[in-house]
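Note that the chains are named A, B, C and D in the order they appear, and that numbering of residues resets to 1 at the start of each chain.
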Amino acid sequence: MAAPPTIELEGLTRRYGDREALSDVTLTLEPGATLVVFGPNGAGKTTLLRVLATLLRPHGGTARVLGHALPAEAWRVRGKVGFLGHAPLLYRDLSARENLAYYARLHDVPAARVEELLERVGLADRASDPVHTYSRGMVQRAAVARAVLHDPPVLLLDEPTANLDPAATHLVDELVGKGSGRTRVVTSHDPVGGLAEADVVLGLRGGRAEIVGPPSREVGRDAIGALYR
Amino acid sequence: MYGSRLQTLAIASVVTLAGGFALAAFYAPMDADQGFMQKIFYLHVPLAIVALGGFVFGAYQAVQHLRTGDPSRDLKSYVAIHMSLILGIGALVTGSIWARASWGKWWVWDEPTLVAFLIIFLLYCTYQPLRFSIEDRDRQARYASVFAVTAGVFTPLNFLAVRLADPLIHPRTLDSQDNLPGEMRLAFLVCLLGMALLYVTLWKFELTHKHARAQLRSLKRKLGAADAARGRSAAPEATVS
Amino acid sequence: MSDNLPDNGGYVAAAYLVFPALVLIYVAIMAIRLSRLERDLAQLNEAADRPAPDEVAEPREEVRAT
Amino acid sequence: MGRAVSALLRKELRLELRTPQVIPAMALFGVTTLVIFHFSLQRDTVEGDLAAGVLVVTLLFAAMLGINRLFVADHEEGGFDGFLLAPVDRTAMLVAKALALTGFLVVVELLLVPAFGFLLLGPAMTFELLWKVAAILLLADAGVAIVGTLVGALAIQTRARDLIVPLIGLPLLVPVVIGAAKALAPALDAAGAGALPGRWLAILGLYDLVFGLVAYAVFDFLLED
C-alpha cells in the first residue's frame, strides 16, 4: 500500500476572533512533493504554516499531517516537521552553537549533528558568537540549521531565502531545497522561482484558496499575479 | 434558552429572602452579647457565603470550559464571577458597618473572615482587567478560565491561612454557627437560601440578557443591517444556539 | 421590639439599606442595557420592513450618482 | 520529561550567566528596599515579627521583578514556538521555569539575608538562626516560584504584563506571606530564638502542594493556541 499523503486538508478554517484567517482550504500533498503558497500579506500563508506546525489549532474542517489528525494527534506530528518562520526562534544572547545544542537536547538529537550542521550552513567559525552579533543572512542560516536539526520529513518554510545572498542560498538549498528529498510547504512572492519548484500551487487571498493545483497554463504567472491585485 | 424558569426563580428568591429577613427581625431572639446589632448577621453572612460560593461555582464552570472548550461555559463562569463581585461589595460594606457598630472602627484586622474575604475580593477584582488586556477572544477565554480555576482553589486555602493567623478571635456569633440557638439558626438558613436563590436568579438574568443580545446581533447580520463595530471587550460573547 | 431598640440601631438600618441599594444600582444598569436592546430591535424591525436592503439600496445610489 | 527539563534549565542558566539581568536587578532592588525600610520605619534595628515582615516583603517585591522577566526572552525571541515544536511534555516548561525561579530566589536570598542581618536585624546572625531561616525561606520560595511561573505565563501574553503580574501575584501570595512571616517571627526574636513553628511550615507546605497540582493541571492551557 502506498504511503498516505503527507498533508491532507479538507475545509480547513482558522479564525482570529471574528475574522477568518483561513477559510475552507482543501488540498492534498504527496510525500516528497513541494507545495508553494502564494498570496499577498495577510492572505493566511503564515497561519497555514502555523496550523500545519501544530502551533495553531484548526477551528473547522480537518487537517492531517503524515496521516495524523490535528489537533488530536498533534503530539505525533511534533518533532517530524521542521518549521522556519519569520522569527528565527533563536535566543539572541546565546551563540548559534548553544542555541542548536539546546534544541538538540529538546529533540533528543546527538551533539555531533550540531557541529555537522554548523559546518554545512557555513557558520562554523562564528558559531560561538552570540546571535545578536550576526547579520540577517547569518541569522537565517542558523535558523535553517535549527529547522532541519532533527532531520524532519516535512518542512514548513516561510520565505526561506528572503535575506540570503546567492552563495548562502546555495548552502541553504542543499538542506531545505527541492533536492533535500523532503516534503515541503514553501511560501513565496516570486512567481518565477516559485513555479519552477512547485509540484502543487496554492494561491491564497483573504484566507480563501483561489488557486489549487499543479502548475499549468491556468495555474501560471497570470493567475498568481491576479492574487496581488 | 436561559430565560426559562426565570420567573419562578425570581418569585421564589423574593419570597424566601423576605421571609428570612422577617424571621430574623421578629422570630429570632436578641443576641445576648450584641443585642440588636447582631441582626446584621442575617444579611452580611449570607452575602459573603453566597459570593464565595459563586467564585467556586465560577471555577467549576471554568474547569468545564477548559475540559470541553465550550464557549458557553466561559460565559457562565464570567457571569458567575461578575455577580459574586457585586455581592462581595455588599458583604464588605455590611461587614464594615458591623465592625463599626461592634468595635467603633470601620475596619478591624483581627477579624480573619473579613480580612480573608478582602484578599479574595482584591484578587477577583483583577479578573476583568486580565480579560481586557488580552485581545484574541479564544485566548482571553482560556486565560480567564485558568485564572478562575486558580483563584477558585485559592479561596478556601486563603481562608485557612488567614484564620489560623489569628487564633484569638473575638467570641462572636459568626464563629459559632454550630451553637446558634435553634430560632437563630432557622432564620439564618432561610436568609442564606434566599440569598442563594437571588444569586441564581441574577446569574440567569444576566445570561439571558447576554444571550438575547447575541441573538439580536446575529439577526442583524442576517438582515444586512449595519452592525456597530465591536471594540475590545472583557465580556465573552454569547453563542447563538 | 421597639422598646429595646438600642442606640446603634442606625447601623443595622444602614446595613439593610446597602442591600436594596446594590440591587437598585443593578436594576438601573440593566435598564440602560434594556433600552439599548429595544433600540436595536426597533432598527431591526425597520430593516425587516424594507425587503433585502443590500440589493435594493446600493444600485439606486449608483443610478443617482451617474 | 527529565531531558527536556534539563535542556530548558541549562538554557535558562546560560542566558542568565551570559547577560546577567534578573538576579542583579532582584538583589539590588532588595538591598534598596532594606535601606528604604530603615528610613521609613525610622529604626536602626528590627526584631521579632517586624523583622520577619521586613524580610518577607523585601523578598516578595524582589521576586516580583524576577517573575516579570521570567518569560520575556521566550516570548520575544520565539522560544515558546521553538519549545512547542519539540516532541516533549509541556509540563517540562512549568517544572524548568519554577526550578529556575527557585534558583534565582535562592541566590538572591544568599545575598539579601546576610545584608539584612548586617543592615537591620537586631539579634546576631547565628548558624542556628540561619538554618531556621533557610528552611522557612525554601518552603516559601517553592510557593513563590510555582505561583510566579503560573502568573508570569498568564501575564506574558497580555498587553499589560507588568501590571498583571503584581495585581494577580500579590493577592495569590498572601498565604505565603502570612506563613513565612509567622514562621520567621519567633526565629528572629531578640529575646532568644523560639522553636520552628511546625504549623506554619505545614501551611507553607500545603500551599506549595496545592498550587503545584493546580499549576500542573492548568499550565498547558497557557501554552497552546
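Heads up, the rule we're going with is that a contact is a pair of C-beta atoms (placed from the backbone, for glycine too) under 8 Å apart; a residue touches a chain by one contact, two chains touch by 3 or more.
Remember, predicted model here, so these are calculated numbers, not experimental data.
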Computed over C-alpha atoms, the centroid farthest from that of chain B is that of chain A
A-D or A-B: which has the larger count of contacting C-beta pairs?
A-D
How many angstrom lie between the centres of chain A and chain B, each centre taken as the mean Cα position?
49
Whole-angstrom distance, CA centroid of chain A to CA centroid of chain C, is 51
Using mean C-alpha positions as chain centres, tell me how far chain A is from chain D in Å, no decimals.
40
Check: chain D positions touching at least 2 other chains come out as 225
Do you know which chain B residues sit against two or more other chains?
135
Give the residues of chain C that touch two or more other chains, as numbers and ranges in rising order.
none
Of all possible chain pairs, which ones touch?
A-B, A-D, B-C, B-D
Touching residues (chain side chain B, partner chain A) in the complex
135-138, 230
In their shared complex, at which residues does chain B touch chain D?
66, 119-120, 122-123, 126, 129-130, 133-135, 139, 142-143, 145-147, 149-151, 153-154, 157-158, 160-162, 164-165
Contact residues on chain D for chain A in the complex?
3-4, 6-8, 10-11, 14-15, 18-19, 73, 77-79, 81-88, 224-225
Seen from chain A, its contact residues with chain D in the complex are 53-57, 75, 78-79, 81, 83, 85, 87-94, 98, 102-103, 105-108, 130, 146
Complex contact set, residues of chain D against chain B
150, 154, 157-160, 163-164, 167-168, 171-172, 174-175, 178-179, 182, 199, 203, 206-207, 210-211, 214, 217-218, 221-222, 225
